[in-house]
Amino acid sequence: MKEINTEAIQGMIPKREKDSHKATYGRVLVIGGNEEMGGAIILTASATVYSGAGLVTVATAKVNHTALHARLPEAMVIDMYNNDRLLKQLATATVIVIGPGLGLSPESLTILKSVLEHVTKEQRLIIDGSAITLMAIHNLKTPVAKTTYTPHLGEWQKLAHLKPTEQNETLNIQARKELKAFVVLKKSRTEIYFLDEAWKNSHGNPAMATGGMGDTLAGMIAGFSAQLKNYRFAVISSVFLHSKIGDDLAKKQYVVLPSQIIERIPNEMKEFSTKFIF
Amino acid sequence: MKEINTEAIQGMIPKREKDSHKATYGRVLVIGGNEEMGGAIILTASATVYSGAGLVTVATAKVNHTALHARLPEAMVIDMYNNDRLLKQLATATVIVIGPGLGLSPESLTILKSVLEHVTKEQRLIIDGSAITLMAIHNLKTPVAKTTYTPHLGEWQKLAHLKPTEQNETLNIQARKELKAFVVLKKSRTEIYFLDEAWKNSHGNPAMATGGMGDTLAGMIAGFSAQLKNYRFAVISSVFLHSKIGDDLAKKQYVVLPSQIIERIPNEMKEFSTKFIF
Amino acid sequence: MKEINTEAIQGMIPKREKDSHKATYGRVLVIGGNEEMGGAIILTASATVYSGAGLVTVATAKVNHTALHARLPEAMVIDMYNNDRLLKQLATATVIVIGPGLGLSPESLTILKSVLEHVTKEQRLIIDGSAITLMAIHNLKTPVAKTTYTPHLGEWQKLAHLKPTEQNETLNIQARKELKAFVVLKKSRTEIYFLDEAWKNSHGNPAMATGGMGDTLAGMIAGFSAQLKNYRFAVISSVFLHSKIGDDLAKKQYVVLPSQIIERIPNEMKEFSTKFIF
Amino acid sequence: MKEINTEAIQGMIPKREKDSHKATYGRVLVIGGNEEMGGAIILTASATVYSGAGLVTVATAKVNHTALHARLPEAMVIDMYNNDRLLKQLATATVIVIGPGLGLSPESLTILKSVLEHVTKEQRLIIDGSAITLMAIHNLKTPVAKTTYTPHLGEWQKLAHLKPTEQNETLNIQARKELKAFVVLKKSRTEIYFLDEAWKNSHGNPAMATGGMGDTLAGMIAGFSAQLKNYRFAVISSVFLHSKIGDDLAKKQYVVLPSQIIERIPNEMKEFSTKFIF
C-alpha cells in the first residue's frame, strides 16, 4: 500500500483561481439526520462548508433545521422526506453525500433508493453511515455515479461480506472491484481502496475515537470532492487532513471533538495548498 | 474608474459622537429568509449588527426566529408574511435591506411589492439576492427610496439586460442610469456605479467565493448606511472593509467563512475610523 | 454628584465566602421577552448568570425557550404567560428583573401587574424597558419591593413627567422621591439617584450605543443585587463595570456588542473584588 | 479520609489504547431535562461528551432537542417520555446518568422507576439531582446496577435521613452502606464514600457556587465511568478534575460558568493522563 503522508499529498490541493466564484467550487447536497440523529448531519454539513464547498444544501428532517441554522448559517435546508424537493435539488448537485444519521427506517430506505435511482454518472456520491448499512441489508447496487463508500469495520463486514479476519488487502481490493466504487475503510489507520491501488493513512489517533468523527470525515470528502478536479486527490487529501488535524489537537487533548476538527479545516488546507505546490 | 483602497476610504468612517445614543445610528429593517434559506438572513442581520447599526429588526419566516435569536440576541424579529406588521416596522426604518434568502415564490413577490410601494424617498434601500431576480423577472421599477442594487454577474445580466460580454463600464453606467440607483456589481474585483462615477475594488480573493458572502456584504452596506450621513461613503467603505477582512483572513485560510468576516467588523471599522480621520 | 469611578467602587464587591453554595448567591427571576423581542431577555439573563447569581430562572414567551437554552444552559425557563407558574417562581425569588422585551400588549400589562401585586418588601425589583413605559402609561405605583428603575432619557420623561429640558439633578431627585425607588438614568454618562445622594458615571462611550446594551445592564444590576448585601453597592458597581468593560472594548472596536460585554463580566468582577478590598 | 489531590490521582486516567474505536469508550445514556430545566441536561451531556465518552445519547423532553443539537451535535437524542424507546436505548448503554433537570412530576417518577427496574448489574448508574429527591420521597431502593449517588447537602439529608448536624464521616459511611452505592457528597470540599474508604477533595472554590455546576459534575462522572475500567478511579478523578479546572478558572474569574469547565476537560484530562502515568 502507498502511505498517505505529508509528502504524498503535496500538490493535491490546488490554489484557488483568481477569477473564480462560488459556483466554481461545487454544489453539495448533504442528506441525512433523522429525528434522533440530527447532530450527525450538522457535523457533516459543517465539515463540507468549512472545507470550502461553494454552495451547500442540507436535506434533513425538519426538526433539525433550526439547530443547523443556529450552528451553520452558511448552508441551506430542505425537508429530506419531501421527495419532489429532494430530486429537484439533487439534479443541481455536483456532489452528494448520503447517510450520516439517516437511520434505518423504511422512510430512510425510500430516500436512499430515490437518490440511487436519480444520480447521474457525472455526479460524485459519498455513501456513509446508515446508508451503507441499508445498502448491505437490502442488497442495493452501487449506482452510476462516481461513488465512494466510507465504512467503518463493522459496516465493511456487512457491505463486502468479509469477516474481520478476512479483511486483508487482497480481499478488500476484490470486494471493492465488485462494488465498483472507491472505499474508505475507517480504522485506526484508515485505508483507501481505488481500482488499481490501495493507500494507508499514516495519521490518526485514539483521541479521535468518539461519536461524530466519521460524519465529519464524510463531510470533508464531500467538500474536497466539490472543489478538486481529481476525485482521488480529494479523497486522499481529506482523509489525510482529517487525521492530521486530529493528531495536532491530540497533543494537548485527551479526546478530540469533531467540531474542533471542523474549525481548523480552512487553516490546515491553506497550509497544504501553499506549502507544497510545485 | 476610481480605485477603492486604503487611501481612498480615509475619512469616510467618522468617529462616533460623544452624546449619541442608539437611535443616532439608525433603525434597520432586514427582510428575507424563507423556509429553506434562513441562514442567508441570519448572516445579513449579523453583519448589520456587527457594523454598528443602532437598532436592527429582522423580518423573516417564523421558522427562522429561534436560530436567529440563538446567534444574534441583539436583533428583534417579526414575521415577514404578516404584511400589517411588516409595514408598521417599515415606517420606522431609516434603512431597509431586502432579498437575502427571500426566495422567488408568489409570497416573496408580495412582500417585495409591498416594500417597494411603501418606502419613502428619505429611506435608504438595499436590494439584494432573490429580490434582484424578482425585480428583473417581473419588470419592477426602482422605488422612490435611495436605492442600491447588489447583484452578482448573473443577477446583473437579468436586471440590466446585458449579456456578460456586454458588461463594460460604459454600458454598466448606462444601465445604472436607467435603474436610477446605485449598483454594487459583485465580482472578484467588485465595481460600484454611482450616477457620475464608477469605483473598482482593489481587494477581494477567491477564498471568499463561498455561499453567504454576498448576504454578508448586503448586511454591511445596510449597517454602514444606517450610521454614515454620506450614503456613497457607506457603500464604498463597506465594500472595501468586507474584502479587506477577507484578504486578511485568506492569508491563513483556504476558504473564508462569512461568519468569520462578521466577527471582525467592529475591530476593522475602528482601525479605519481612527487612523485616517483628517 | 458623587463620581462613579475606580476609587469609588473599591470594596463594594466582596470576595465570596469559603463555605458558600449557590443559594448563597440569590435566586433571580428574569421576566420579559415577547414573541418579537426574545433577544432582549436572553441578553438580560446572560448578564445575570455571568455576574454570578446563584440560580436564574427566565420567564419568557415559550417561543424563546430554545434560543435561550442554546445560548445559556445555566438558566431555567418558564412560560411568562402562565400566571400560576410565574407567581410560584416569584415567591422563591430574592431578586426580580422585569421589562426587557416584555412589550406593551395587554398580556404584558397583566404580567407586570401580577408581579407588582405579589412582590414582597424583602425582594429587590429592577424595572426596565417596556415595564417602565407600562408603569408610566398606566400610572402604576412603585410596589413595596426594594425597587430600582433603569430608564433611558425617553422613558424617564414619561415616568417622571419631566421634559428633557427639565431633567436636572434637583428635579430628578424630587421625581425619584415621589417614585420611592432607586433610579438609574441611562445616558452617555449614566446617573444614579438614591434617596439622599446622586452619582454620575465617569465611564461609558458611544461605541456602546447599540440595541441590547440596556437589557444587559439590567441583567448585571440583578446579578449583582442577588449577591451583594448592600443594594446600593450592587447598583453602583454594576453600572460602573458595565461601562468600564465597554470602554476597554471600545479601544479596539467601533461598536461594542452586548454579548461581548457579558463574556467579560466574570474576569472584570474578579479584578475589582480582589484588588481593592480593604 | 484520604485526600483527593494531584498525587492521589496519578495513574488513574490511563492513556487511550492505539487500536481502540468509539465503542471502546462506552455508550452513555443521559436522562433528564423536563420542559423547564433543559439546560441542566445539556450541561450534563456536554460534560459527558467532552470527557471522552464514545457514544452519548440524551433522553430528554422533545422541546430540548433543538437546543441540545445546537450546542452539542456530537450527541444523539430521544424522547424521554417514550418508554419503549427509552428501554431499547437503556439496554445498549454501559453507563447511565439520570436526574439533572428531570423534575419531580409523576411522569419523571415513571421514567426513574422504569430505569431502576431495567438496569442490569453490569451497568454503571449515576443518580443525580431530581432523581435523588424522587428516590428519597418515594423510598425507592438502589437498583442492581453499580450505582453512584451525587447529592448536595440538602439532597443527602433526605436520602440518608441525616440532619445537617448529624452528617459526619461515621454516619455518612453507615448511610452509604445501607444505600449499597457510592456517594459523592457535593460541598465546598466534596467527599466520596466508598464501601471501605472515604475521600475528601482538596480542590473547589466559591466561584463554582452557581447553577448547573452539579449537572456538569454528573456528566463528567458518567464520561469517566464510560472509559475507565476502575469505577472508583473514574469517580475520584472526575471529582478532582472538575474542581481543579474550577480552581484554575477562579484565579481570574469571580464566578466560573459550567460551560467554561466543560470546554477545558479534554486538555486537563490529557495533562493528567500523560504526566503521572507509572
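Points worth noting:
Per-chain numbering from 1; labels A, B, C and D assigned in written order.
FYI, a contact is a pair of C-beta atoms (placed from the backbone, for glycine too) under 8 Å apart; a residue touches a chain by one contact, two chains touch by 3 or more.
No experiment lies behind these values; they were computed from the predicted model shown.
Among the remaining chains, the Cα-based centre furthest from that of chain B is the centre of D. Homomeric contact chain C/chain D: same residue numbering on both sides for under half of the interface positions.
Separation between the centroids of chain A and chain C, computed from CA atoms only, is 48 Å. One finds 34 Å separating the Cα centroids of chain A and chain D. The multi-chain contact residues of chain A, meaning those touching 2 or more other chains, are 66-67, 70. Residues of chain D touching chain A in their complex: 13, 16-22, 24-25, 49-56, 65-67, 69-70, 72-78, 265-267, 269-270, 273. Against chain A, the residues of chain B that register as touching in their complex are 36-40, 42-43, 46, 63-64, 66-67, 70-71, 152-153, 187-188, 205-207, 209-213, 250, 252-259.
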